[in-house]
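The following pair of complexes shares a single chain, subunit A, combined with subunit B in the former and subunit C in the latter.
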Partner chain A sequence: MIRKKTLVLCLMLTLLPALGGCQLKDIDKRYFVVSTGFDYSDNPKTPYRVSLRLALPSSKVEEGGAMSVVQTVDAASIAEAVRHLKSTVDKELEFGHCREFILGRKLIEKDGFDNAMQWLSRRRDIQSVSNVMIGEPDAFSVVSLQPKSERYPGNSLFLSFGNEGTEAAHTVTTYLFDLYRRLYETGLDPVLPVASLFRDGYRIDRAAVLDKQKTRLYLDPDETLLLNMTAFGVDNTILALPDEPVNVVLAATHTNSKINLKGGEDPVAIVNVRIEGFLEQSPPHLLEKDWGGLERKMGKHFSEEAEKLLYKIRDAGVDPYGFGLHYLADHHNEKGRWEKWKRLYPDIRFEVRANVSIQGSGLIR
Partner chain B sequence: MLEKIKEILGSPADFTAETMDNGYAELQICFFPGMCDMDQLKDGIIIPFSYRFDPDEFRRMLHTSIGFMKDVPEERWVDYLLKGYILLEYEGEVFVFRAIRRMQTQPDQTQVEASLQGPQSAFTENLDLNLTLVRNLYNVPELTVENFEPQNQSKSKIALLYDRTKRNETTLEEVRKRLRRLDDGLLLSAGQLAKQLTQAKYRLFPIAQVTERPDRLSIHLNKGKLAILLDGSRFAILLPVHFFDFMYAMDDHYEPSWMSRFLIGLRYISMMLTLMLPALYISIVSYNPEVFRVQLAFTIDGSRAAVPYPSFIEVLLMLFMIEALIEASLRLPRSVGSTAATVGGLILGQAAQQAGLVSSIMIIVTSVVAISNFVIPNSTFSYFIRILKYAFVLVAVFAGLVGVVVGLFTLVVYLCNMRSFGEPYFALFQSKANKASD
Partner chain C sequence: MIRYYFYHIFYVGMINIMVLVPYVLISHRFDGAVSSFPLAIAVGTLYSYVTSSFFQRFPGLGLPEIYKLFLPVWLANCLNMIGVVIWCTAGIIVLFSYSNTVGIFFDPEASSYLNLAIMAAASMWAASRTSRSVQFTHEVLLIVCTPIILWILFKALFSNWLDWDAIRLIADAGIRQPPSAVCLFASSFVFSGHMNITLFNRLNPRDLKFRLRWTIPIVGTFFLLVSFFVPIGFHGTQAVGNYLYVWSVTTDSLQMKYGFIQRVLYLFLLLYTFLSLVFVMNTWHTGMEFFKACFKKYKPYTDEVNVPAINWWVCGVLAGLTFAYAYFTNDIFNRIVAEIWLVTRFIIESILIALLIVFIVMKKKGYMKRSDEPRLPQSGGAGG
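Let's turn to the complex of A and B:
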């Protein structure tokens, strides 16, 4: 009896290795993709061009020691392209560490980003905290750049976003999960940073505002900064007031913004922005003369600029701030309220109330 | 009498059987000289019988002194002889005289459970001395000692200790029953006795604690639990115990509170590390490399490039080496021990990595596993943890990170299901519900 039991147990144990063995793939048999680019190829049969930057790992991490190769293939869809790319490399592709997805400018303008999003959100090994951006002039050139300062492949582009590396005031950070939300949420539209090449590095100081399909508006760096401050409350930004002989520049350490909708048939969107910081550049003894006045003057200047941006975005017919979402949240579930909002939005008025508070001149006397 | 004894014992060389005659009376005496205290023999029997001989006084002494036992049944004579008693026949009556040679008169130094500031004395291999040590520390009238003399080949005395007012009656009855039912092989050490008492052979965790510290035993008694002392063993058995008792060093009582809390936390972290780290290494390297930060992933990737075997072979290889090293240095003489550690730890580890047999991260994993294992204060428990980590390695090889998580869950379920002599093993607090009220 016991011998029979042992025999059965042994048999089961020998079957065990066959169970999950296929999944086991050692780390050195995997090719880490560090950035992925999607382009439009102008060939109607194989419209999608997928470029992958693959890391060549080394046990030593040093400045400029990052090695990588770029592989590109055209196919009828992104999924097919990636499958096809596997036949050009010697190891299994691993997207687990791919944190940068670059959509070519042409792809977004011609085809929209819905197909790319479908693929990105379905793959289980793609992380939702990845950064998504628009590549200019195309995604391939952004993917294939190998900056000299990189310690390990893909590091440079990744550190440009968020607060991980540089805390740039002009860089909009859009994560994949946020993009996905903005793609499907009624009354809230996506914003994507635009990355281009600049000498031996990346330049990410512009943003594109999209509707649910395609790009509607490209913002210049100053507008991107304003968008960052009013929509995303990014800290460590800057606020300049034109003045003679030198501009007064406030380094904002904290920025808060809050949106309020007022008025039923003739709505006014009030954006309250609170900016705290210290003067980084100003004519001497400016603060002592009129501290409160300077704060008000800077606030007024900021409000004017921001309102200009808001009207520009409104006229493009997009809504990255989520005014529509606010409207839907404020009004109870009456029928046709979304249609009503769509009618109201082109005529909405904006009011930016900026509360600038200067903490000091940054000097010790 | 002497003929009967010789019939049973044969005539071993270390046995003395004499008939003494002082001119007035005859005395038959037999004993094992090696097991008897010769001074006691001389003072108690030889002197009164030889040059201080007075027939009345000698007779009176035999009948009244507490050193002499009368009316011992014939079949027990040999048992007493074998324990170091002296058997004598005077005027047709047989007496047993207690003159057992005491090997130890001093408490031992702690060796296994060292403590920085706690008591340094440990149990000895003498039961009477051990009882003295316990009585000194736990000096209350309620301390009860029950003696058991199992009819096995060793016949070592067993003492069951408990606090009469605090003990749990059902547990006590269960332990008594098991002590009476011991098998009749050789019983050599407390660890062996603990194994027999806890019965189940394939349990994954110990349910009785073996200790050499009288202070730990006293605290245990004070909690209303039981302790068992075995003659000839310098370890006591504590039961019932909980999972958390094993992670408790006696220093935790004596050190500042913050420090001891920190150390307890450290021990649990170490336990988890030594249990899970090899399994985590396998499952992350071979199944889910995205768990690492990207730098670490590339570094491991780079350092694994030269390794020819899959990650689990690498892990098993290194674990085998470290286990062999521990096992070898455990039984080495102290003078050679440090050499083994140097050869094994430094040279082998470094060389294995340079030869491309294992990755450099694996060396770190192995050393963390080995060091963390020694942080566990109880050696029995650390043995169980040591073997249990292979179960996790096995699961990780076939099922990856998911397997490890499911394995950990299963382990917790198993622990919750375990009972130590009727008490829940994984309980944070001791149950007081069925405490005896008398």
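Let's turn to the complex of A and C:
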């Protein structure tokens, strides 16, 4: 009796999983979006141009085998554009695997990135660890490039960021949640990488520093490298010391950076950077002649360059390092401290304390 | 055997995310959340000490039996019913918030009632078992999820993206504000694992000593600080207030680059499926036993072989109530209800603590209505 009852109960329970099938769309009825671009169209009625790169699933995985299509639509808002775009494709759009969001340069200049952020952060299926970047000249051209080296559609672009694929010293990585935090935080401003096309690939070696709405400053590749080392402590970077006939170059394997503020009324912002690495390019016997001296020389050169960058960023009126937040955290609950900081920041002095430690000269002396 | 007591302390520390404690605290992050933490730690520790030393004096007795020792039947039944309401609503709120969160992140196309149905069926079945089974289920599920949850928490804690300046700013700004009552009530929930002893003391042997009680404030403080400060570190002082599902988004900000799935969110929600099940099972089971204790014929059995039909009925009604609640409520309203529940829970817990102290005094003076002679092992039922 009991066994029969249990059997019936078990049978009924097995029916439960089948319920899930009723409302779930199969994988072959979905289009996987692999990168999304937002542009500004010049039509004021439908200002947002959304471009989606949709992956075409294929059974073989090989270089150059990745196939995808690009769809574009203009609408009054991003959400409307995406809904409208659905009527141009035959399968349901799935954003769960999309980790690249490209904001057109013109969009940021004309409209800012706030509206795009609202849509991105509101969607439940968009990953907080998506990479956000600025597309140059526009997002569409970055989205529609199909590099030959891709194994899966879209993986070329996301391997460019972070340290999953290439560990590029000039690539700033900004995740969606980090951008959203910087959009609202007092005393911490957003940084976005700038992606453009270069032959059959992406070139992501510059960064843009933004205030809460628009771009204030575009950094060139050398400055981006310095920003990466001083603000984000990115590993596997490079440090060059100008020299005749050829520069002395240190391949930095580890970089650490820490900011600090000293002084009350006339504060000095101190950036402590610790760089470790090997010489990759140097005249023979240079290191053994004066090990400590070379370390100091490289450190001094780095400090000078980094200070130049910091003054440039300060004069643009932005704060991607979070000095302001650090100041607020240091001055507990003082009234009017934010106003005071805003007064102090334009005249603040910077000091970069670089501690370069050379581990060796490579395989030869 | 003392480990069963600490399982409760641990899991209540972790489940606070589903009872929306971080949400309440973060919405008050600039006014008095942080300053209420020391109070909550003190109050939570004190309450844990009182309940554990009280129940140590009444081994093998649950709260309903202790009521019967000291109080007239009608008053005992009233108190039991208050317990039923407060325990069962906790389960209903958690079940709804869980199915809501899962509906948003796992399977938005499916009907939200589907998640609720599966989860309610599992909870109903789990809660209607005997106390002993519930305790063992609790142990198994907790051993499965605790290491991985702790791993996620530590991964977040040591992440490079955690902004310590934001955490310092909030800690500094908050500690100077006068403590807020709602935050005290909400944060003391993290310490309230000791309340489960009110029922599960029935399973404790006579010679049980509550050792290692000094770990309670440490465990509670750890979970309290982590569940409040880690989201702030990840989303900054301002943006963190914009998120509704703050912990889901925080775990989504982590990634397992070389894991099977790179989104930590799914692992996290899966673990919280287990934890929610444990929570609903415990609360409904406790509520059910308290309800049954109101009847005259009731014997506090803990190891029946066949569970009585009334268990199914009570848990079935609770599952039905959850559906009714889900039908009439929405996510925002649920947040308000959860806040009200947190406040009520604290007040009732405080009243109970006062009552327990009164009972101790009454026992010393010998004002007992009935004697608390040790009873036989409580198996009962068919085949006992």
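Keep in mind that, in the parts below, the second predicted complex is superposed on the first by the 340 of 365 C-alpha atoms of A that agree within 3 Å, B and C clash if a C-alpha of one lies under 4 Å from a C-alpha of the other, contacts with A are read in each partner's own complex, and residues count from 1 in each chain.
Following the convention adopted for this analysis, a contact is a pair of C-beta atoms (placed from the backbone, for glycine too) under 8 Å apart; a residue touches a chain by one contact, two chains touch by 3 or more.
Small disclaimer: the values here were computed from a predicted structure and weren't measured.
Chemist: Once the shared chain is lined up, is A:127 touching subunit B (first), subunit C (second), both, or neither of them?
Modeler: Both subunit B and subunit C are touched by A:127.
Chemist: Contact-wise, after the overlay, does A:222 reach subunit B, subunit C, both or neither (first, second, both, neither)?
Modeler: neither
Chemist: Per the contact definition in the header, classify A:55: touching subunit B only (first), subunit C only (second), both, or neither.
Modeler: Touch status of A:55: first partner only.
Chemist: After the superposition on A, what does A:280 contact: first (subunit B), second (subunit C), both or neither?
Modeler: It touches nothing on subunit B or subunit C.
Chemist: After superposition on the shared chain, which partner residues are touched by A:235: those of subunit B (first), subunit C (second), both, or neither?
Modeler: neither
Chemist: Just to be sure I read the superposition right, which of the two partners does A:25 touch: subunit B = first, subunit C = second, or both, or neither?
Modeler: Both subunit B and subunit C are touched by A:25.
Chemist: Once the structures are superposed on A, label A:178 by its partner contacts, choosing first (subunit B), second (subunit C), both or neither.
Modeler: A:178 contacts subunit C only, not subunit B.
Chemist: Both subunit B and subunit C touch subunit A; at which residues?
Modeler: 16, 19-20, 23-25, 125, 127
Chemist: If you look only at subunit B, which of its residues touch subunit A in the complex?
Modeler: Within the complex, subunit B contacts subunit A at residues 285-290, 294-295, 297-305, 307, 310-312, 360, 397-400, 403.
Chemist: Enumerate the contact residues on subunit A facing subunit C in the complex.
Modeler: Within the complex, subunit A touches subunit C at residues 16, 19-20, 22-25, 121, 124-125, 127-129, 162, 164, 175, 177-178, 180-186, 188, 233, 322, 325-326, 328-329, 332-333.
Chemist: Touching residues of subunit C toward subunit A in the complex: what are they?
Modeler: Interface residues on the subunit C side: 104-105, 107-111, 114, 117-118, 121, 160-161, 163, 165-166, 168-169, 172-173, 176, 234-239, 242, 249, 252-255, 257, 262-263.
Chemist: What residues on subunit A touch subunit B, complex-wise?
Modeler: Residues in contact with subunit B: 16-17, 19-21, 23-28, 30, 32, 34, 55, 57-61, 94, 96-97, 99, 125, 127, 151-155, 158.
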